[in-house]
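Each of the next two complexes has chain A plus one more chain, namely chain B in the first and chain C in the second.
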Partner chain A sequence: MAQLFHPRSTVISKASIVIVIIVLTSVIVAATEIYRSGYTTGQNVAREQPIPFSHKHHVNDEGLSCAYCHTSVDKSSFAGIPPTYTCMTCHSQIWTTSPMLQPVRDSYQTQKPLEWIRVHDLPDFVYFNHSIHINKGIGCETCHGRVDQMPLMRRQNTLFMAWCIDCHRAPEKYIRPRSEVFNMTYEYPKNQEAFGKKLVKEYNVQVNRITDCSTCHR
Partner chain B sequence: MITLKKLFSHTVLTFALSAAALGVIGCGGVNLDNQPKYKPLAASRFFANGQSSRPLVEGTVPRGSFTTDSLLITGKVNGKLADLFPFPVTEQVLERGQDRFNTFCSPCHGRLANGEGMVVRRGFPQPPSFQTDSVRAMPAGFFFDVITNGFGRMYSYAPSVPVRDRWAIVAYIRALQLSENVAVKDLPEAEQHQLLGKAQ
Partner chain C sequence: METIEHTAVYEQPQPLIAEGHDYGSITDKISSDVLEKKTPKSLFMAFAVTFSLVMLLLLSVTYLFFKGVGIWGIRIPIGWGFAIVNFVWWIGIGHAGTLISAILLLLHQQWRNSINRFAEAMTLFAVACAGMFPILHLGRPWVFYWIIPMPDTMRLWPNFRSPLVWDVFAVSTYATISLIFWFVGLIPDLATMRDRAKQKWKKIVYGMLAMGWRNSAKHWHRYETAYLLLAGLATPLVVSVHSVVSFDFAVGIVPGWHTTIFPPYFVAGAIYSGFAMVLSLVIPVRKLYHLEDFVTARHLDYMAKVMLATGLIVAYGYAIETFCAFYSGNRFEHDMMINRMFGPYGPFYWMLILFNIALPQLLWLKKFRQTPWLLFVMSIIINIGMWLERFVIIVSSLARDFVPSSWAIFVPTKWDWFTYIGTIGFFLMAMILFIRILPMISIFELRTLLPMSGKSNHE
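Coming up: the complex of A and B.
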């Protein structure tokens, strides 16, 4: 009886096993990377806005506090996007003829709000609340990054649940004194581990409950 | 008896139905990421101006905050600006006032209330310093009234600063006026020493 398989087929079959493993692994790695990349998550991608508003200029050059515009950040789930009125508080007097600010003046005159494009958009089944984070000593910068260095707004983090949980499991790694919440250049002390634990206790952070599903999902 | 062929066709049918069901759920069902509800400032196709938030009816007050305390909400007593505070000024009030002053007022008025804020350096007309005798003589209610209703080129800050915070700011302005105009001999002894020690 003639041989069913050619001598080479052993090599081919072994090689094909290796190739299949390599191909499968690459596909999984590639898919994960694409899923995590800014292309999919929007991380670090600056959106085109009705006005190229610069946080860098307003925060870093002018020294405005985050709360000057985001007035409800310490008392509401929503930090608040300022009405055109807030822009005009200064821009009724300075840069009054700048073409870049024409949409602001139009909006103020016609009472039609500017339509900013949302940069941080959580899924609707996440009930995130700004005020609790601010009042428990989580700095703006911890989640939003160095906004004072962003000429155009972008999302510093993925907003993946794994990223939220990282802090919810160990808030002592990220907590800071309440007085430093709006500070963009806060430096954690060397003994952050111990200092953080002290703050967690002092601010009564409910460490046992902040990893419950129902804390963020209802 | 189930033949192989029948088993195969059953399997195919099951898969096809499951796929179709998933398709229906995926396309026609509820999208949980973007649910049919309004989040703050969301756009709406229902209202003519495209906003989901409705403007407040004039004279609306938040539930539980209605008061006839004229001093508290207008800074006036019997129609005249009063040099009084509607509640005791504690250290906490001053700290809140400092925080709010530095946030909302210092961009123009400067951290010392001397009218040399950063926005002024950018071309905003300079506001008067609060460290002059004439401004120091103004009643507390005057500052409250200016924050509430605006003054000259200054817009009203009523939308961003709630009533009690406005009074906290007024208290802190008084503290700033005091701190910038105090005689060395009126300081506590320890601070006199420190100050004179540094000057020598």
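Coming up: the complex of A and C.
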């Protein structure tokens, strides 16, 4: 009777054990990497906007404060997208004929707001509030990065829950004095751990509660 | 003068293999059932029925994914309905396979050789059915893997103080070990099938599964070592898995759940129901495939005795549960027990006492242990009784907790029933496929029983 399997099949069957392990590992590694990449999370991807608005120009070159435009950031859950009037406080006087700003003038005349594309969009099942973060001494830059260095707006961070939780579990690492929240170039002191703990206590940050599920998922 | 007979008359045990068999005839019979003989018509019919039940299961699961668990009868306070009842029932059934294959092997109970393959297959399919239910019971079944500890993007870590997390480890370990044990036990027989198959494709399929088994002394030496090690690994699982399942209840504070007797009493119940299920399956298959020579009345007798013993442990569990409820002096425990017996679910309680304790006492009679159809009826009764036990524990405890304002009655919907019946269909269909394509009795292990066959006993 002829042999059922070729002698080579021994090697193949033994190699298949290794191959299966390699393939499985690569699939898992690839899947997690894709899941964490900017392609999926939108991290560091600049969005196309109706106007190529430059935060770098307005904050860094002109010295506007974040709250000049995002007026409700310390009072409301929503930081606020400025109405066209805010743009026109300056742009009714300067760059009045710039073709790039045509959509702003159109919006002003037609009373139809500009439709900005949201860059930091949390899922709907997350209850997020800007004002509590600002009032407890979390700087804009801590989450949004150096917006004053971004010609086009992009996400500095993944917005993964792990990223939220890292701070919620140890806010003393990221907290800063309230007076410094809008400061884009704030440098943490050398004794941040002790200083942070002091601020956490002073601002009454309830560390044992901010990791409850219902703090963010209501 | 009368002489007194001094020699005691010992009843000769029936042989484990009927007279007139040799190595060849055993192998011929078991392998030809799969390879050569025509599939019995009734098996096709059974397959058609069970296959339609699997379709019913798929339908129910699809509708469940579409609509959510609200299609079931679970309403607060009864958040654990059929899904958890069925989970505990199925996982309990699985235990017989592991007990037969591992513990009875270590205890040198050689009669197990005739039924271990069958019981192990039953274990695997029962665990598969069991595994479905907790996942289907989740609000979002597609993210069930969140309960596995892994470096995810949410920085979530399962709560290791929760018995539900222990469950995941217990059940997945159990499924893995059972599968490996079953497969390793199959290897020498798969090689037999490879060598006996006529068609090339069958040879190749069995050949690949046999993983190059050549029947050499070296192979056997390694095989025996591996099998014994696996049996050693599987042995603690017989006790641990259902103990962990019982923690789901015992760790909770609900009256009727919060009892230290639960782990041993659940384990005994698991083996009880497992043996009942083995008998419910083995008796018809034995008849259909004419396996009376290999699965003899003595085997049935032994299994019935295991049922009787474990059934008595279960009865002891019920008694202690009742006693503790009164002895504790705890008002809630006390009322729970009264309610369990005489409340809205009272009839189910008495039915389970009848099915699990009263009727099985007939097994003291040899006639009930050795007459296949009587034993079959008994095994079905015990299966139903054990299902009722889980139903009474879970539902009647939840329906009457501490505050009367939160009392309610559980009413299963048709989807509850469809899902449950669907898994029975899946289980039976898998069993049918198993007996059709694999040797349902371990050929090489059965051959080791030959010295105990009827013929050799007389020599």
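Here are some notes:
Methods note: the second predicted complex is superposed on the first by the 208 of 218 C-alpha atoms of A that agree within 3 Å, B and C clash if a C-alpha of one lies under 4 Å from a C-alpha of the other, contacts with A are read in each partner's own complex, and residues count from 1 in each chain.
Please note the rule applied: a contact is a pair of C-beta atoms (placed from the backbone, for glycine too) under 8 Å apart; a residue touches a chain by one contact, two chains touch by 3 or more.
Bear in mind that the values here come from a model prediction, so they are computed numbers and not experimental data.
Within the superposed three-chain model, A:T158 lies in touch with chain C and out of touch with chain B [touch as defined at top]. Look at A:C167: by the touch rule set out above, it reaches neither chain B nor chain C. Judged by the touch definition given at the top, the superposed model places A:L4 against chain C, while chain B stays out of reach. Within the superposed three-chain model, A:S65 lies in touch with chain B and out of touch with chain C [touch as defined at top]. When the two complexes are overlaid on their common chain A, residue A:I94 makes contact with chain B while staying clear of chain C.
Contact with neither chain B nor chain C is seen for A:I210 once the two complexes are overlaid on the shared chain. In the superposed model, more residues of chain A are touched by B than by the other of chain B and chain C. Judged by the touch definition given at the top, the superposed model places A:P113 against chain B, while chain C stays out of reach. Touch criterion not met for A:I132: it reaches neither chain B nor chain C.
Comparing the two interfaces of chain A, the one with chain B and the one with chain C have no residue in common.
Touching chain B in their complex are the following residues of chain A: 62-65, 67-68, 71, 77-78, 80-81, 83, 85-86, 88-90, 92-94, 112-113, 115, 123-125. If you check the complex, the residues on chain C that touch chain A are 152-156, 194, 203-204, 207-208, 211-212. By the touch rule above, chain A contacts chain C in their complex via residues 4-5, 10, 13, 35-36, 158, 160-162, 165-166. Contact residues on chain B toward chain A in their complex (touch as defined above): 32-35, 37, 39-41, 43, 49-51, 102-104, 107, 118-119, 122-125, 153, 155, 159-160.
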